[in-house]
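Below are two complexes that have chain A in common, paired first with chain B and then with chain C.
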Partner chain A sequence: MNYKLKLLTVLLALLAVANVLWGSLDIPVRDVWHILCGGEVEDHPAWSIIVLQGRLPQMLTALLTGMALGTCGLLLQTAFRNPLAGPSILGIDSGANLGVAIVLLLLGGTASIGSLTIGGHLLVIVAAMAGALSIMSLLIILGRLLHSGVMLLITGVIISYVTGSIIQLLNYSATEQGVFSFVMWGMGNFASVGPERLPVFCILCVLGLLLALLLIKPLDALLLGDRYAENLGVRIGRVRQLLLLVTGLLTATTTAFCGPISFIGLAVPHLARLTLGTSSHRTLMPATMLIGANLALACNLLSTLPRDGSLIPISVITPLIGAPVVLHVMLGQNRNTGI
Partner chain B sequence: MIELQHLTIGYGNRAVLTDINQTIPDGQMICLLGANGVGKSTLLRTLSGFIPPLSGKVLLQGRELSSLSLSELSRSVSVVLTERVEVPNMKVVDLVGMGRSPYTGFFGTLSSEDRDIVGKAIEMAGIASLAGRTTDTLSDGERQKAMLAKALAQQTQVILLDEPTAFLDFHAKANTLRLLSQLAHETGKSIFLSTHDVEMALRLSDILWIVLEGRILSGTTDSLTQDGTLKRFLEPFELSDLQTSHIQGS
Partner chain C sequence: MRRLKLPLVALLFPLALLMACSGNRSEGSSGQGDTLLFRHARNLTVVTYPDRMEVTMRNPWDTTGILGSYRLSTPIRNAAVFGSVHCALFHELGADDAVGGICDLEYINQPEYKEGVAKGRIANLGNSLQPNIEQIINLNPDALLPSPFENSGGLGRVERLGIPVIWCADYMESTPLARAEWIRFYGRLVGKAERADSIFDAVEKRYQDLCSKVRNTKSRPRLLPEMPWSGQWTLPGSGSSSAKLYADAGAEYLFAYLEGSGGIPLSTEKVVDKAVNADIWLIKHHGKLDRRQMVADTPLLANIKAPIWWCDTSVSFIYEETPFHPERLLESLITILHPELDVDATYNYFKLLTVED
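Moving on, here comes the complex of A and B:
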């Protein structure tokens, strides 16, 4: 294994431990360890709940979300042969947003996401999935018509505006509580999964990530363009369908559970390319998963900074990391094309 | 060897060329000449299996092209297209290695045998000095040779090239065509290419295919000169002196 991948794995383990040890509430490290080993702290019975039902699921959620979004970004950037593609820039998560908005604001009305039963939560996931997949299909069709990558990005922005205006309309006519729960959901939060929904979340994410591994070889060929890939024996149609399914599944799952989390999908594949200096998906995909998980865990740690029990919304932190990466890529492109 | 039997090519209901009956023999370089829009690219796409023929047959070593699976096809016919392949971080050796993907396993990892084949392909294409460079730093001629090396690594009997000399300067054009001709003779592969570089095609190809008035006429430069085909092809462009210069040169 590449030594950089090993380093990233070690970093991941450290960040994962740090995420359990530190939170918005101060619990001594020794007590956290005691709780993890199955013990209880007598004076503070709530600490067990915080560690086992709060921090641990939150850490796993952040880890898998980072992996999932980074992988989506990598798949999209290769499929569209565009370095600026990503689930949020192309408007895929705005499709998931719209799906969730319809469920929460129009159908659910007063239902807040925290009190949803698993059935209701599955409805949110299905809605997010339907929204994400429709936007992905639209993009794939438009991608054939619009050959310029910039046009495709502009299309993504337009899609976001249109879904945004529909969501505003839904907000306008929804109840106060519906609007509140939608706004809270929209801020992004790794804590919203919780222990009871964690198994479903894990299964969906791991399924998506395993399916993504099937795409490693065809993705390498796709770097050369569709025709070359086809000549190398890649079934373009089938690969595109699987790609649509994987990105739709991963974006929808993470968006439905954690809210829209921008820039991780866009920035992480670039960080992986910069770190590894390769274009081969055999190395890039594991690197993207590791860096995505590391970044999400780091963001989750940052979100606990207020130290007063409150959390900074994740969607406040990720653009601060993502924006410089996007700028770096755009400046690099500028140099290459001379535009 | 590829046999074209009563082949009609085109898109949907629109036939571009009809009833083609020709053979592409082994060990020869064949140049396809014709004005823009006469169906050169359509023919190449049909022979690559990208689009199906409207009617008639393409037989590859006696087997119908449409009956081959995608994996069989990828081991029989390789292509060099006009698309510009420019992948940052992808080294030439990795690009050429992509030619092995019809033979590699699930993750596409190259075996030591695969790496030997890649090394030989790079050597045959004359780009050993470029192996460690990334594809986005290559000149057009160098990139064309890297794509050719990819096709060689694919180890197919047939290599199809769509205008491999476009965008190249004079020296690179001559260099590329000479290399292709030499490869055809040395390896026994069929090398079939379309080009607009009439003069070089006249001089270097083993067989010429000329698309003229909706038909494909084939033969050696000499035979096409003698039966007047070349004259008819070149006259509208007032280039018929090329033909004379060829005869004087030969």
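Moving on, here comes the complex of A and C:
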């Protein structure tokens, strides 16, 4: 195993532990340890649930979200040969946004199908998932008609604009509470996956990540160009469809459960390339997963920095880390092309 | 010569301003004005004359500054009202005829106004944050009554129409009675001074009677308000009128230590640690509430064992009625917090959340 991958694994373990030990509430380390060993702190009955049902699932959610979004970015950047491609560029997360906007801004947070009425975060998850998967299906259909990757990217951007304008229209006539809920959802939150929903979240993410690992070989072939890849026996159309399915599944899952988390998908593959200095997906894919997880865990830790009990929204922190990376890449490209 | 000009202008400008101010005063005073004495409101100064009133509003976000200073011909006959709260107020004052246009029609519950818009008697001015300027010009109102918010940047082009913009900053008063007392100003604006005074006197008396009843009790149930959204729990600061209302209702507000007069966001972790000791949990929520779903969404809430009293704001008139009738909200809270006082409440905005809900 590459020593850099080993270092990233050690860092991941440290950050995971730090995420359980450190939160917005000061709980002494020995008490956290005591709780993790099955004990309870007599004077503070709430601490057990805070650690076991709050911090542990939150840590796992951040870890898997970071892995998933980083992987999505890598898949898309390779497939479309575009260093600025990311999960948001295809409009899949815009679809999730639209689903949530319809539920929160138009329906007021509850929906009834026959005698079944659902509301709260469950409805948000269902709506985001439905929105993201609808856009993904649309892209898969269009992918068959449009044989150029660039055209598909442009379609994704157009979809984002259209969904954005529908959301603005919904926002314009929504209630104060509806707008507030939608804004809060848009800030991203790793704490929204409790133990009850964690298994579903984990299964979907792990499934998507495993499928992504199966794409390593064709992705390496794609680096050599579509024609060369075809000569090697890679069925470009099918790979692109599978790739859309994987990125769609991962983006839909993470956006539905945690809200839109920007920049991780865009920045992490570049960080992985800069760290490893390779473009081989055999090493790049695991590194992207590890760096994505590390970055998400670090952002989750940073969100608890204000010691007055408030939180910094995740979507505020990720661009602060992601933006310099993207700038670095763009400036690097500028230098190479001499523009 | 040019060097001389600047100091001369600097000297003459304040002098000219002084003369202009005093000139205005003597010109406008057709008789002796009466200064309206406010017993609770702090951000408002009103001097009334038989045919007009002079109003100065202190800037609630910068109390050294002025939010607005107006000389208004009264009563106004054709106002553009921007919010449902003030529509409800004008309706209560019996001044429906003074409302010529309204914004945010979808939030207004008064059937008279909805019908007025449908029949074309009242103009629909669109969204309150971006009102329809053509409709406003067409309406040619005596005054616009929007609600301000900090650093809002004003109403843009609308303010340049020359129509007086009366900022309804009542909600920035620091106590419930102070906000309610603005009804006396609004009453004078529409020529319903007596009615407004009598409504406020009744509000004040009932509110203070309820406060004195609560003062005689020793128990102070620990109160937890609101619920988390996306991991953040926004709680009223100790200087807010909500915190004042909780104290008046005889509650021990668990987060009374939070400084500030607005909403303070805290992490769920931080709130839950303290909220395990709550006796009453009070939630305003748009739509149905389900405790099991709340815990599924935010597992940490399983720690809070306090009974939930909730108000469904999608069907309740709590937002329309209580800003100018805080005694209704107070009696509603006292019924929950101190049932032993048996305050004979007419209004009860909250109900106990049960499994059936």
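We adopt the following convention: the second predicted complex is superposed on the first by the 279 of 339 C-alpha atoms of A that agree within 3 Å, B and C clash if a C-alpha of one lies under 4 Å from a C-alpha of the other, contacts with A are read in each partner's own complex, and residues count from 1 in each chain.
Here is the rule we use: a residue touches a chain if its C-beta (ideal position, glycine included) is under 8 Å from a C-beta of that chain, and two chains touch if they have at least 3 such contacts.
All of these numbers come straight from a predicted model, not from anything done at the bench.
Undergrad: Which partner does A:Phe257 reach: the first (chain B), the second (chain C), both, or neither?
TA: Once the two structures are laid over each other on A, A:Phe257 reaches no partner at all.
Undergrad: Go through the superposed model and pick first if A:Ile49 touches only chain B, second if only chain C, both, or neither.
TA: Touch partner of A:Ile49: chain C, not chain B.
Undergrad: Is A:Ala191 in contact with chain B, with chain C, with both, or with neither (first, second, both, neither)?
TA: In the superposition, A:Ala191 touches chain C alone.
Undergrad: Check the contacts made with chain A and report whether chain B or chain C touches more of its residues.
TA: When the residues of chain A touched by each partner are counted, C comes out ahead.
Undergrad: Looking at the overlay, what does A:Asn231 touch: chain B (first), chain C (second), both, or neither?
TA: A:Asn231 sits against chain B, while chain C stays out of touch.
Undergrad: Please work out whether A:Leu223 is in contact with chain B alone, chain C alone, both, or neither, and reply first, second, both or neither.
TA: In the superposition, A:Leu223 contacts chain B only.
Undergrad: One more residue to check, A:Gly23. First (chain B), second (chain C), both or neither?
TA: Second partner only, chain C.
Undergrad: Touch check for A:Arg282: first (chain B), second (chain C), both, or neither?
TA: First partner only, chain B.
Undergrad: Which residues would you name on chain A as touching chain B in one complex and chain C in the other?
TA: The overlap between the chain B and chain C interfaces on chain A is empty, containing no residue.
Undergrad: State the interface residues of chain C toward chain A in the complex, per the touch definition above.
TA: 106-107, 127, 229-232, 264-273, 276, 286-288, 290, 293-300, 302-303, 313-314
Undergrad: If we count contacts the way the header does, which residues on chain A are in touch with chain C in the complex?
TA: Within the complex, chain A touches chain C at residues 23-25, 44-47, 49-50, 53-54, 57, 108-110, 117, 119-122, 172-173, 175, 177-178, 180-181, 184-185, 187, 189, 191-192, 194-197, 259, 304, 309-311, 313.
Undergrad: Across the complex, what residues on chain B touch chain A?
TA: By the definition above, chain B touches chain A via 48, 50, 70-71, 73-75, 77-79, 81, 83, 85, 87-90, 94-95, 98-99, 101-102, 104, 106-109, 136, 154.
Undergrad: Spell out the part of chain A that touches chain B in their complex, as residue ranges.
TA: It is residues 216-217, 220-221, 223-225, 227-228, 230-235, 273, 277-280, 282, 336 of chain A that touch chain B.
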